[in-house]
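There are two complexes below, and they share subunit A, which is joined by subunit B in the first and by subunit C in the second.
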Partner chain A sequence: MSSRRPRPGGNGWLGVAFVAPQVLGVIVLGVVPFIFVIWYSFNEWRPLTGEMEFIGLDNYYRLVADPTFSASIIASLLFSAGVLVLNLVIAISLAVLLNRRMKGITGFRTIFFSPVVVSVVAWSVTWGFLLAPDGGINGALAILGIDGPNWLADPSTALISLVVVQVFKGVGMNMVLFLAALQSVPEEIREAAHLDGAGPWRSFRSITVPMIAPTILLTGILTTIGSLEVFAPVQLLTGGGPGDTTNVLPFFLYRTAFISQQFGYASAIGVVLFAIILALTMLQWTTRRRWVHDEV
Partner chain B sequence: MSPKEYFMRATRSRGAAIALTGVLAVSLSACGGGGDSSASGPVDLKMALWSSNEDHLALLQEIGDAYTAEHGDEVASITFEPVTNPDYIAGLTTQIAGGDVPDLAWIPEASGPEFVDAGILHDVRDTLEGVDGYDLDDILPAALEPWQDDDGGVYAYPFSNSPFALYVNQDLLAAAGQPDVTTLVGTPEYTWATITDVAAATNGATGAAGLNVPTFTTTNWSAVTMLGNAWGAAPWSEDGATCEFASPEMVDYLTWYQDQIARGAIPAVSGNAAPAAFASGDVAFSVAQLSQSGSLDDSFEWSFLPLPAGPDGYHPIVGQAGVSVLERSEHQEQAAGFLAYLTNPANAELLSQFFPPPRASLLNVETLSQAAPKLTPEEIQTAIIDVVPEAQVKPQHPVLSQFTDKVRAGLDPVWAGGDVETAVTGICEQISPTLEG
Partner chain C sequence: MRSDAARADRNRSRVTTITLYALLVVLSLPFLYPTLWMFFSSFKPANEIFVQPPALLPREWTLDGFAQVFTAQPFLQQYGNSMYIAAIVTVSSILLSAMAGYAFARIRFPLRNAAFTLMLAAMMVPTEVTIIPIFTAVNAMGLNDTHWPLIILPIFGPTSVVSVFIYRQHFLSFPKEYEEAARLDGVSRAGVFFRIALPLAKPAIAAVGIMAFLRSFNMYFEALIFLRTPENFTLGLAITRYQDFYGEQMWNTQLGAASLTVVPILVVFLIAQKQFVQGLAQTGIKG
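Coming up: the complex of A and B.
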């Protein structure tokens, strides 16, 4: 195999110069801090007193025995699964619906995309009003004669409420990606399937889905990562409650570091969160050959 | 692999390692801070603040400039830096973790005992006592108590000693056809039971919120549990070693609180959202501190009353903020000198135009009228001067931060109407090992 190292005087160095700022940024702001986080996770560190003591794997042993951590893992995985499924299903459905030439279609696409560019704080606060016991959603339900729950205080509805808030915030981005993917599916293939007697559902399942599978893979990975890193809606809407039902890992990490002042223990949570995200991403990546069209 | 290829790979790896080491070294030196380590000459002091109010900053800077003019050989400059993070302690912690340690800091009462216990704050008793005319004994003992240790050390000056009171929207009560509760103050009828009766009736008649605590969120649960003292309820024993959440008094109080939610006297808790502000005009009664009065205007008629009595009588409460010298400051001596100046009787009077003072000599209508110009002299007398000397600071605990989230999770079912005894028993099971230390 030939070496790809850039040759002095060639265009390779120009390429290196272009990517260098990005690579340097990733190293300084990503890799180096993460190395520090790993180091901190082996220490008991209280920054306000300046005390740092090496304690080996004690923070990790403590995590294993901490029931709040177990609850936090469950909350994170349930939240992530909910967001992943709901987001992709709605995004693909919207993309299919909006993938047609008709008057005003751009307006509909803009409406569904607009939450992506709204501040997450403003979005969460607005949903807080909607989900309040006497808020807009229960008001609408009352017109139908339904006594709505206290969405954010009821353990059976708090997590799903957060999932909905998160999904509608980000579904527009995935919708746009799926729209682009759908528009790259050759019309001739669909027409050929139609001539062979395939109905719309069969055509979608056997032609469209395999052709947009790379986009499903991409959006699946990005949505999984984003959902496991959720923080602001939890902070603003539920505070991790009721109980620990919405105490997802990033929120648990934040409270441990900045409220309990246990930076070492919080760093261990951060390392585990990284490992979970990495594992789920690798799982999706390594299984892509089985279900993604054209993957080798 | 040929020797040449091996060499190429090795040098590439080594180059990467050297580059990474260089980046680490730069980062470490950056993390290490680099405060002024000079041993002689005047120093630059820095104070971290929760408030970013321009008037507060201007007054502090004026006092700071006066100090540097008098003590230029010790202190060259004093800067006052608001910590803009929404969670002040989180912001301060991040700043300090990054190596930027202020010399003095505004410390909220919730962190007071914990910071004293953890050795984060510097003992300034000797400095304060050594200043002529400082008169440490003028500071109300109950106000100073959370900032002292068992050896008599003093770790902060509680510059804001603000009583909790009951704000009443008179217009809403009138619209609901309810009686004027201000006439009940000082009589046996002035109780939580009476107030919540009026609150429920006002809610029923107008749809407005009855009674709320604007600072209450599920993560700030102590804003509500503190009111249990009128039932004789406390979250833990005086020495902090025993959980008291499951005491009959606390069960009674929380059950009463649930009942008030159920009948509409108190709004239902919705996630971690804070209740409506009294200033919105859509709340009949609100439990808040004196400083809230600054945000009120003449858009509706309101009154400022002492907290009502409960089954265990009347128990006034104050919330505090202190100013401290940090143990990690490189200029403790100079910072303590400025703290003594900032909080001497003359400057304490200046500060009292914004913050209710902890000094007995300043507890008079004339001084307090500056901090709360919208209150009547009668309101200042009955809801502040008469109550502050006896008031207890909100219950705090030296390791509160380690178990506050367990209490939050345990109390969530209570706010949602769940079984109180089961909830509070669970809380004590969860936090007792931490309390027992």
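Coming up: the complex of A and C.
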């Protein structure tokens, strides 16, 4: 990762002092609580009674047998896959469309980026109104003669609706990163390919994609992690329903811990959530050699 | 012959341009329409929110919704809460992450790579996973329903790692000659950082500052977990509590509160969007 070696010198203590606040912070607020979560997951702990009892792997056995948990895993994976694919496809497409000199291009870039600065609560609440049975989206469909579904209450549309809300909220960020990456692709290479008879699609696939591969990898990993952490849109729009189809792991964890007051069981959900994030991150990272030629 | 070809070429490029603009306008809708609808609907009477066929602009303009924003909840105080918390988080992140990012990029010290790997690994731990022990610790310290966890967690917790990372990337490409010249003039290592490297890190400062501000100002999950009394609420939590406040729907009020939360930030963004977007892109979270 580090491309440049730092200068040697007698500044070790200064370096330690400079990183201390953040490193200690991450240890105290991240690593240590995570170790506690692992420990809690081996316990039956209901905070209302205050009793904590070691039960070994029982919480995990219970998870495996819990249909809500299987539904939750499926919801999280589907949501994450949907967000990852839609986000990257839209982000790259918008970046390619915007990567040219044209009047008003900055204005469009601003529009596509603007949801990034909008509060996630305001964004979710607004989409809640638009996706309501008699909301704006179905109203627009009615004009076209289409009878729109109850988007957030129908098991076949609830999850995809959440994916859409999440993607439009955050895709501008990835678009900007891809724009920066595209601008570092030398125009001469594309021109040379054009002269050699490569069409736009061939040129995109054989030149642009390999050159922005490091950005695809990084945005892919960050988008995956972000989508597995989703909470606000789920809580505000579907409450995990209908029938657990949108009950993603963070929301299932929240309800188990803070609504049904089972800290031990919720901790086991947390450990599984981390394991999934770790596994998917490692998966993307280890496959990078196959398609990312530039070292990230 | 030649001019015909040129004219055909120009015509084709004009068609391409028009198609491109049309495409961009259509693509803009899902990004722009929700925000516009939220804004204009806060000027509608409550019974106009779900009127069919749907309309962007109010038929009857009213400020009733906005008036209730401030009477149904201590909204001004909640606004102040969000602003002061975001200010502390932003300033602290700008400085503390810069020190860490600089040291990770430029100073050799024991366990440097191990510490940096640990920071990156922490990015994979969602806030939701560690919230139970943090919640019990906050309770034990008697800090429940205070702003302390909402200030401390984003500054020092795993979500701060992105800021450190952005600074580290920036300082890795910072020219060494500047530092060496200063060192020859007898400036200490810390002095080099505070007087030369940090003042020259404006794009990174902008990127980190913007991201830290947005992260704090738009924080929701932590507020939901830790805050109990409306006087202590931050904006995200406050917006959700306009539903059924008196047993009646306060749709336009809720949208008004959402607009008041979003519009000032959007205006700042529109004014500074060039620095905003380029700051994020340049220091980019790219290799």
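Throughout what follows, the second predicted complex is superposed on the first by the 282 of 296 C-alpha atoms of A that agree within 3 Å, B and C clash if a C-alpha of one lies under 4 Å from a C-alpha of the other, contacts with A are read in each partner's own complex, and residues count from 1 in each chain.
As a working rule, a residue touches a chain if its C-beta (ideal position, glycine included) is under 8 Å from a C-beta of that chain, and two chains touch if they have at least 3 such contacts.
Since the structure is predicted, the reported quantities are computational estimates derived from the model, not experimental observations.
In the superposed model, A:V28 makes contact with both subunit B and subunit C. Of the two partner chains placed by the overlay, neither subunit B nor subunit C lies in contact with A:V96.
Contact with neither subunit B nor subunit C is seen for A:L77 once the two complexes are overlaid on the shared chain. In the superposition on chain A, A:A132 makes contact with both subunit B and subunit C. Look at A:A153: by the touch rule set out above, it reaches subunit B but stays clear of subunit C.
Of the two partner chains, subunit B is the only one that A:G241 touches; subunit C does not reach it. Once the two complexes are laid over each other on the shared chain, residue contacts for A:I55 go to neither subunit B nor subunit C.
With both structures placed on the common chain, the touch criterion links A:F263 to subunit B and to subunit C.
Among subunit B and subunit C, the chain that touches a larger number of residues in subunit A is C.
Judged by the touch definition given at the top, the superposed model places A:I277 against subunit C, while subunit B stays out of reach. Counting contacts by the rule stated earlier, residues 3, 27-28, 31-32, 36, 47, 132, 134-135, 235-236, 254, 257-258, 263 of subunit A appear in both its interface with subunit B and its interface with subunit C.
Interface of subunit A with subunit C (complex): residues 1-9, 11-16, 18-19, 21-34, 36-37, 40, 47, 94, 97, 102, 104, 106, 108-123, 125-127, 129-130, 132, 134-136, 139-140, 142-143, 164, 168, 172-173, 176-177, 179-181, 214-215, 218-219, 222, 225, 228-229, 231-232, 235-236, 250, 253-254, 257-258, 263, 266-267, 270-271, 273-274, 277-278, 281, 294-296. Residues 3, 27-28, 31-32, 35-36, 46-50, 68, 128, 131-135, 150-154, 158, 235-244, 247, 254-255, 257-263 of subunit A are the ones touching subunit B in the complex. Across the complex, subunit B meets subunit A through its residues 8, 20, 23-24, 27, 31, 87, 89-90, 92-94, 96-97, 115, 118-120, 217-219, 268-273, 327-328, 401-402, 404-406, 408-409, 412-413, 415-416. Interface of subunit C with subunit A (complex): residues 17, 20-21, 23-24, 27-28, 30-32, 34-35, 37-38, 41, 49-50, 52-54, 96-97, 99-100, 102-110, 112-113, 115-116, 118-119, 122-137, 152-153, 155-158, 160-161, 164, 172, 176, 189-190, 193, 214, 217-218, 220-221, 224-225, 235-237, 239-240, 251, 254-255, 258-259, 261-262, 265-266, 269-270, 273-274, 277, 280-282, 284-287.
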